[in-house]
Amino acid sequence: MTKIHHHSVQIYYEDTDHSGVVYHPNFLKYFERAREHVIDSDRLAKLWNEEGLGFAVYKANLTFLDGVEFADICDIRTTFELDGKYKTIWKQEVWRPNATKAAVVGIIEMVCMDKQKRLQPLPNDFMQAMVKL
Amino acid sequence: MTKIHHHSVQIYYEDTDHSGVVYHPNFLKYFERAREHVIDSDRLAKLWNEEGLGFAVYKANLTFLDGVEFADICDIRTTFELDGKYKTIWKQEVWRPNATKAAVVGIIEMVCMDKQKRLQPLPNDFMQAMVKL
Amino acid sequence: MTKIHHHSVQIYYEDTDHSGVVYHPNFLKYFERAREHVIDSDRLAKLWNEEGLGFAVYKANLTFLDGVEFADICDIRTTFELDGKYKTIWKQEVWRPNATKAAVVGIIEMVCMDKQKRLQPLPNDFMQAMVKL
Amino acid sequence: MTKIHHHSVQIYYEDTDHSGVVYHPNFLKYFERAREHVIDSDRLAKLWNEEGLGFAVYKANLTFLDGVEFADICDIRTTFELDGKYKTIWKQEVWRPNATKAAVVGIIEMVCMDKQKRLQPLPNDFMQAMVKL
């Protein structure tokens, strides 16, 4: 398991719904943003454009423990690990400011796919970059 | 377990991302749309405006088995059951046209909350409406 | 100018923000959904996949006159006209149930582009289909 | 007219659509994020929660000049001015990295509303904060 990666997300109007808190699917967005910072967006763009490979979410397991509100600046905490040659498992949490527990907890399994949506082994340079984190 | 409720979702530009398929958090949107049709949006609006009660997703467990594409008209299949006085459990699936298996499978647990985000028992008339489905 | 095309949009949780009404960029989504029904999504998908052509919004001019609320079922009213060989101009409105005026009014200019984002004349079969509307 | 305010927006998967570039309504989101940083989100939250006042977009005039791509880090450039006691006019632009012209240009008119959606004069402390920018 890697050390914790922190990514900051500010909650804007676009994130909330009429119940007054963040609309629940949006937490999957924040988790993805954080993963893109861990993996590096430029590398992801290059992998897609040059090698035709992308990462896809295979499973997502989410628990919603607290409502997150407009203007909150949240800390997205991310760790991940390799699970064989095909799968990475990410533990990700949303922390509100001054919170004593996570507002949302997610376990995300990701795989690597080509443009024909066929499963591919994780790219070697990605694996090596993983080891350094 | 109730009989299967069907809700149709057409995939527009807004639903896709640059990988060419539906952006994965959007499936949680389709599941919610379908639940709102099962529960009835007017009843939900009334429950919120008059009694200050709303439904919130407590857990979501998603498996992504196939990419869904622009212009697909998908069938969202929904069943649900009561789990005690506080919780409903929804099994929801996304089916692409002519598919032989679901593209996305979700198990969603929902609870009822007041405007202070406190857990509340499921409303009686909701429970009674459930029995009829 | 074509006759009025009607497209129905139900307002879900995903559409609203914490101010209690529809988040304003979403009206551009509803306008696009309606345009896709006018042009026909399958034809759009084919145009993109086989000829590498897509429609892009060049200008959008929006006026917001009323807030639209959760559970509203709105009527999106669309007319459009050709403006030379390169441009179509769409007048689109959002009408709430039982309203006496539009809640949102949009004038949208669209052009046709190839995958290198170069301007292209409107496809002939599209032009011919226009005449029939 | 105020001096230019800069706000940085990174383009993630969620921002793009299957045509490969940013889905056009999303630029309204980036403009709003930038305005929230100009006005200050905490002040906006307080204004809403304590005084029941919010800002609403009355008009938006958008021109789309270039497609914005995944992994671009864009500069949102914002200036604004008061137009009487009721209206603020915002000029906002999206600049891609190393661009020589804006990718998107918007003119946004905003007004202040209470929770019954009635027009209200701009709050005094907001007006005074404006002068200092």
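Each chain carries a letter (A, B, C and D) given by its place in the written order, and its residues are counted from 1.
By our rule, a residue touches a chain if its C-beta (ideal position, glycine included) is under 8 Å from a C-beta of that chain, and two chains touch if they have at least 3 such contacts.
None of the values given here were measured: they were computed from a predicted structure.
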Minimum number of chain-to-chain touching steps separating subunit B from subunit C: 1
Rotation, 0 to 180 degrees and nearest 5, that superposes subunit A on copy subunit D via CA atoms: 180
Computed distance of Cα centres, subunit D from subunit A, in Å: 27
Inter-centroid spacing, subunit D versus subunit B (mean Cα positions, whole Å): 32
Mean-CA-position distance for subunit D and subunit C (Å): 22
Junction residues of subunit A, two or more chains touched: 13-14, 18-21, 25, 29, 32, 48, 69-70
Residues of subunit B defined as touching subunit C within the complex: 10, 12-14, 29, 32-33, 36, 41-42, 44-45, 48, 69-71
Residue numbers on subunit D that touch subunit C, as the complex places them: 19-21, 24-26, 28-29, 32, 48, 54, 56-64, 66-67, 115, 117
Touching residues (chain side subunit D, partner subunit B) in the complex: 13-14, 16-21, 23, 25, 69-70
